[in-house]
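Input: one structure, supplied below.
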Amino acid sequence: ELGGFSEDCVKINPDYIRSFLFESKLMPSTWIVIRIDGCHFHRFSDVHEFNKPNDKQALDLMNLCAVAVLEEFQDIIFSYGVSDEYSFVLKKNSQLYQRRASEIVSAIVSFFSSMYVMKWKDVFPMKELKYPPSFDGRAVCYPSAEILRDYLAWRQVDCHINNQYNTCFWSLVKSGKCKSEAQSCLKGTQAREKNELLLKEFGIDYNTLPLMFRQGSSVFRVKTEKTSILENSTSVGKAQTKIVTEYCNIIEQSFWEANPSILD
Amino acid sequence: ELGGFSEDCVKINPDYIRSFLFESKLMPSTWIVIRIDGCHFHRFSDVHEFNKPNDKQALDLMNLCAVAVLEEFQDIIFSYGVSDEYSFVLKKNSQLYQRRASEIVSAIVSFFSSMYVMKWKDVFPMKELKYPPSFDGRAVCYPSAEILRDYLAWRQVDCHINNQYNTCFWSLVKSGKCKSEAQSCLKGTQAREKNELLLKEFGIDYNTLPLMFRQGSSVFRVKTEKTSILENSTSVGKAQTKIVTEYCNIIEQSFWEANPSILD
Amino acid sequence: ELGGFSEDCVKINPDYIRSFLFESKLMPSTWIVIRIDGCHFHRFSDVHEFNKPNDKQALDLMNLCAVAVLEEFQDIIFSYGVSDEYSFVLKKNSQLYQRRASEIVSAIVSFFSSMYVMKWKDVFPMKELKYPPSFDGRAVCYPSAEILRDYLAWRQVDCHINNQYNTCFWSLVKSGKCKSEAQSCLKGTQAREKNELLLKEFGIDYNTLPLMFRQGSSVFRVKTEKTSILENSTSVGKAQTKIVTEYCNIIEQSFWEANPSILD
Amino acid sequence: ELGGFSEDCVKINPDYIRSFLFESKLMPSTWIVIRIDGCHFHRFSDVHEFNKPNDKQALDLMNLCAVAVLEEFQDIIFSYGVSDEYSFVLKKNSQLYQRRASEIVSAIVSFFSSMYVMKWKDVFPMKELKYPPSFDGRAVCYPSAEILRDYLAWRQVDCHINNQYNTCFWSLVKSGKCKSEAQSCLKGTQAREKNELLLKEFGIDYNTLPLMFRQGSSVFRVKTEKTSILENSTSVGKAQTKIVTEYCNIIEQSFWEANPSILD
């Protein structure tokens, strides 16, 4: 007899039920990228009156959450964020959740979401969070450091292209054009033409805009050495890592040469 | 020229990068269950001083979030929660995210997590949320309504078995036994013996404990009819659905017969 | 020391190597269909001078192989073949190779191919097999008997549509039209028009063509009862199954009602 | 009206039926290995009276089929066979069947099986093929050349260990021991002890046994240069590849250095 339950429930065969579970393990020895994207963030940014084309506080909040994710998940070695998207790179031999895709993606996206709500008031002290934000996520594997770097470069190129377009678009809209007129103006324009438009029409030198807007945010670990003075006056260096947020060019070779420990 | 970027970035081939994406689509015409579980909730419940073996407020918070999930995701027809776990059942022909497992799991787990943090203060007005809770999730498909019901019955049997054990365990601990003594007392005992222990030692009639603790929580849609009186005094019935939270026996046939619209 | 090998090979970690293996298990309690298709059979049928639009011997050979497959793999309950394609249906709860897709597909396709070569001379005593035929294969699961029957019906409709087209096409070609003219003649024609063309131009009543060409081949098990007379003159019935090849309509309900044991 | 079919078949929705198909694409830019294994070859080798522990003709037949596979599938750059197993390595960027696992595995295993039957009489002119051989297959991906080489080394170490054991085992059996006695003799023995047993008891110097038995067979492409003398008496070199079968040590670095084009 099972409490209030009838004998029927004894018939359940847990092994049979469990046999429907399937495991999607990510290939060993590859770089796992977990990429999360805001769900319906167009509406979310309207409802919460984010500045256009970039809201520094909203980006700061994304970055704060990314830093927290790196603190929570030791296997994440690098992350790159732009707009409402963030990519987290796990080390090649990570055994997090035995590399089960579903658990890794959900645990990271869940932690990020909770943190976003908890930190909201710190970043927007005067703004109420009207409804819960949500993010979807997915895992992708890259078999070599070169292809992983191509992935990150692709995201940064996307950041640049979108930011340049959006900067033009919102300048035109703020100057009085309606949205469809602004779209027409920009249709088919090249990068150089957009920069000229910004400079001539609005006095904006694109290359002086904040790096965070133009290059996105990279959150990663750097190795530091903490020097301690022992009782006998000798000093001892102890390897440590700290998490930093930078707005750097991750397309160029020089970044990775300057930070060899990230992908080693 | 791409803003501050060198010509190098032009070499990136987005189609090649995207080719590493893989889609894991869930089999059409099957019942999708998204099951989420609290990550490290043993520690979370200690840090936030949840009552043992059941904290009514913590369970209420889980249920509030489940109701919100059903409001947000129209394709979810039923959900069942116990402790820090919740199972969400999507209708058989759902096309949510084109049945891509990763997106469905992450969007639901993310929304649930955000809501958990947002509603915390409503449920625990005197308790601070010390750190962000997180949940992991996974998708499983069941090919028939019978097997789906077996899955749900399995969860409810688990609820019962765990609750009975935990009720005994914490009664013993509160009575002065240390945890390992309590474990020894319960080792190998049958359901009937546990009920006798509760009754004789602690005066607890197991079957009078709150249904929510013994049977878990079911959150689902019921069809209602809203009758409106028109201007010409005729009344018109309009089909509506509302979301209800019940602590019912979902193992027995009678529940599903009384609610035929859930799995039809 | 490992025979002629140096010490290096001791460094190999078999568990690490094996970790790259992934298992793709097919969902339990669903109908598995293994469908095989001839690779480049257009060329194969040209080189081996198969009759057009249908070569009875080549189809007989496919059917002989299918019968052998059913004899070898007890879990296959039904199969349907048309042209150079064959679909094998495994019973819903088959545990063949623990439902690993790769092994099931490859073992069936391999056995079929070997048998095709072995039986060639029986069917084509005067024709040399010029090069090895090969087939590719794939596994698909269907969650209900209804959808499985829809799959089979789809294949049989395809058989009919292709056969009707090909019968017209080759009649036109044999009458002296070149292939592109024949195609033009048939472009956009309905089923009725094709039948009229066959009747008026070539005196062919489509519905009198061999059933095997019009409906494809079904190879399946039927239950029979073998009556034995014992020594004491009493007779005993013993259930047996035999494998039959029929050219029947599997779209209509009546076939399945007449053979209830196939999908029970 | 569809020929002899009723109107019912018009209801079939091919897109719905096709939606159950799932594609399992292998990760781009990784080394695909297709490994095939004889099904029930213990019995097959008994029925066909293969010599124990190694049947040179049976191995020659396997190698002939492997050569034919490399001729048929241009993307295969290397293969390694031992006993009734063969591993085929596709080049890293192969687009064969758009990297769909099921098609690649089944097409290779099917071609190999057909060829095995076709070539049987060439290798065993006096022996009848009693029943069709079959092989199962699977695909595995390796993200780097190093891990691929580890995989191949693992197979060759396995070849050595098995061959040494089997050589001892069958020597004992042929000397009059029953199979269980032979097993007992060998239980727990090291490589050196096995070699001593062979030398002292049977006068066999293990290291003089045929390389094919001790090291397995490698079938791969080598680049050659064909020199042609043109009309004007100048000679022109034209790069060509030919397929070779060798019994070489593929664990050591030297093989890969001598054949850099295989994994480049």
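A, B, C and D are the chain letters, set down in written order, and residue numbers restart from 1 in every chain.
By definition in this document, a contact is a pair of C-beta atoms (placed from the backbone, for glycine too) under 8 Å apart; a residue touches a chain by one contact, two chains touch by 3 or more.
All values derive from a computational prediction rather than experimental measurement.
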| item | value |
| --- | --- |
| Interface sides of subunit C and subunit D: same vs different residues, half threshold | same |
| Most widely separated chain from subunit D, with each centre as the mean of CA atoms | B |
| Rotation angle superposing subunit A onto its copy subunit C by C-alpha atoms, nearest 5 degrees | 180 |
| Approximate Å spacing (C-alpha centroids) for the pair subunit A, subunit C | 50 |
| Intercentroid distance (Cα basis), subunit B paired with subunit A, Å | 28 |
| Cα-centroid distance, subunit A relative to subunit D, in whole angstrom | 45 |
| Per-residue multi-chain contacts in subunit C, two or more chains | 16, 20, 22, 27, 29, 141, 147 |
| Graph class of chain-chain contacts, one of line, ring, star, complete, other | complete |
| Subunit C - residues contacting subunit B, complex | 27, 29-30, 141, 143-144, 147 |
| Touch list for subunit A against partner subunit B, complex | 1-6, 8-9, 12-14, 16-17, 20-22, 24, 36, 39, 68, 97, 101-103, 105-107, 109-118, 129, 132-142, 147, 150-151, 153-154, 156-157, 160-161, 164, 191-192, 195, 206-207, 214-215, 249, 251-252 |
| Sites on subunit D touched by subunit B in the complex | 16, 19-20, 22, 25, 27-29 |
